[in-house]
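Quick one: structure below, then a few questions.
Chain naming follows the written order as A, B and C, and within any one chain the residues start at number 1.
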């Protein structure tokens, strides 16, 4: 990491391990297990609590909330609203992952409702961020049809409109708060071949924004760098997406602040 | 593969990788992650979209739909109906996996309702296919109590009655469209020890029936052969069901059309 | 295993493999896949059947029921009640796993309702068992904030009050029926870093209490010893929580009664 976009990248990972923040993850059925293991590997304490009967109450206890609409349904949307509302009212950081929000009317409306609770960070693939900014995208399902580069202007527009940090993840990630921007390189070509990697990353962003004294901007960049460094390392020994998936967890669990700081590839945008 | 039951087995896998069909998988909670990774390893684009609020709309966009009743509930059945209806009305291929449909009245009724939407392919274990044809089976839960051989007549009867391709999977798979039949050997003894392998195979059949110019008969045989070849290869290096599960994904991801064509063990029935 | 707390530890595992009991697991979304693979590795036949429409009917067929409230919601609680009621009325063993029951009012009420159906075994971490006995605990989310040692008195009180076998699992497990107690050592430091290990253990206890002629006391100790022995072995070759997760399944699948008997570390409490 040559230019010091964030000087404390590595320290933030150490903070996550030391503080072990309780992160409420409302995520999809596909991702739950892998996302929980990702957070555990980083030292956080994930809790998958989604039901409307308790999601708001639990958000009052959690250090951060993450909401991913991957396998959305009406009862889950009720829980998402409850948790996002409490997070917003209590000034707790929360992360929105608008999976394939452009695919159906139900998703489009859900995301608009959730945006009203002012997410601290929005993380998506290029197609999702472009569509969220109101731009034309070529996404169909959950996989991106567009490159990160094509989504950069959309991300800037979206960040200014929402006052959220916006992260577009892909081959090289792009992060912006509407004023500054940064790119995070690394990762592996296996990542889009392992389901729920993006959803797990959303959870990890939740762990980083949960710890003091990081700002959302720093926390998002650190979480993405952490994910990319672990991905690059894990890919070296993997023979396919199946082995990559578990090696990524081993690698992330073994990564410390110094290793992250030394290997992160972050450049100002 | 000595007798040319399907001459284009390998080509169909290449078509899946090239066309990357969007496959809507409504499957059970146990299987979602593994099924999505299986489809990604084969080059398809899986989307787990189940809610009644959007399942029908999404089926209009997807190239194929797969429905598995493993962890059935009323709201999910609503989504299954919606997706199957749209698939049927639009002439899109869809695959039914009637998990343990004989176990409770709720499941029996659900499967009868779904059959009315004329699945392109029905895939199940021997006990499931026998019970669906109205024959006595010894199944209790989700594991088969009967051999594939015992289910062959039931499969023929069921295929004629429904005009579906019927696939009975087990040690040696049996596929019939009511007129022709074929057997697919291979796989591994670890497969029944890894949960959701059958459900993942249902998803893979969905990927193959989604691509032109395969007929459902050819697509089903190719998908089953692909699964069996990957299973045989993966088992060679596995020390148990845990390692088999991820090696299977690595192996499937590395398989190409030529490899499939060379190693498939398909014989006319 | 020097003192003969249970002389037939190993035999019970052989019984599970021979009888292959049908175990109905109502567990959380995070755990379903791993719990099913754990039961398959031990030779049992897991069935994830949760919906109120069929959970009670299926409990009438299953050999044992396990209920874990990890990702609780109202419809699932309906199914849990139905299954627990049938199990209780038919004298079938059932296991309760009160995940983070202290975290919200919804969970506290749910657990009280389920306790009325008299679980055969209650398995939890130290914070959960302490809170269930009415004692102060430091738990926040799903991870324990207390040591097993601190929960021993709570476990004894809870076991006497409920007439259940109570298992507190952690670094060294503690099991009591209110009169006798035992400790089970072994396992691995990776276990709390792999999500859903505890939930999978609850499922395994269900498999052991399902087979004749074990008493719930013997079955619980054997299941915990089986889990610990597999964990100790698997950890020897693991480089992190990702590899531990699948090696644990391989190891458990390869374990037989003699191996369990020889390696179990069970001492009277």
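FYI, contacts are C-beta pairs under 8 Å (C-beta built on N, C-alpha and C of every residue); 3 or more make two chains touch, one makes a residue touch a chain.
Predicted, not measured: the structure shown is a model, and the values here were computed from it.
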Overlap of the subunit A and subunit B neighbour lists contains C
Rotating subunit B so its CA atoms sit on subunit C gives an angle in degrees, to the nearest 5, of 120
Same or different, please, for the subunit A to subunit C contact, judged on whether over half of the interface numbers appear on both copies.
-> different
If you average the Cα atoms of subunit A and of subunit C to get two centres, how far apart are those centres in Å?
-> 33
Residue numbers in subunit A touching two or more further chains are 29, 33, 75, 245-246
Spell out the residues on subunit A that touch subunit C in their complex, using ranges where they run on.
-> 22, 29, 32-33, 36-37, 40-41, 45-51, 53-54, 57-58, 61-62, 75, 245-251, 253-254
Subunit C residues within the subunit A interface of the complex = 28-31, 33-34, 70-75, 100, 103-107, 140-143, 192-196, 239-243, 245-246
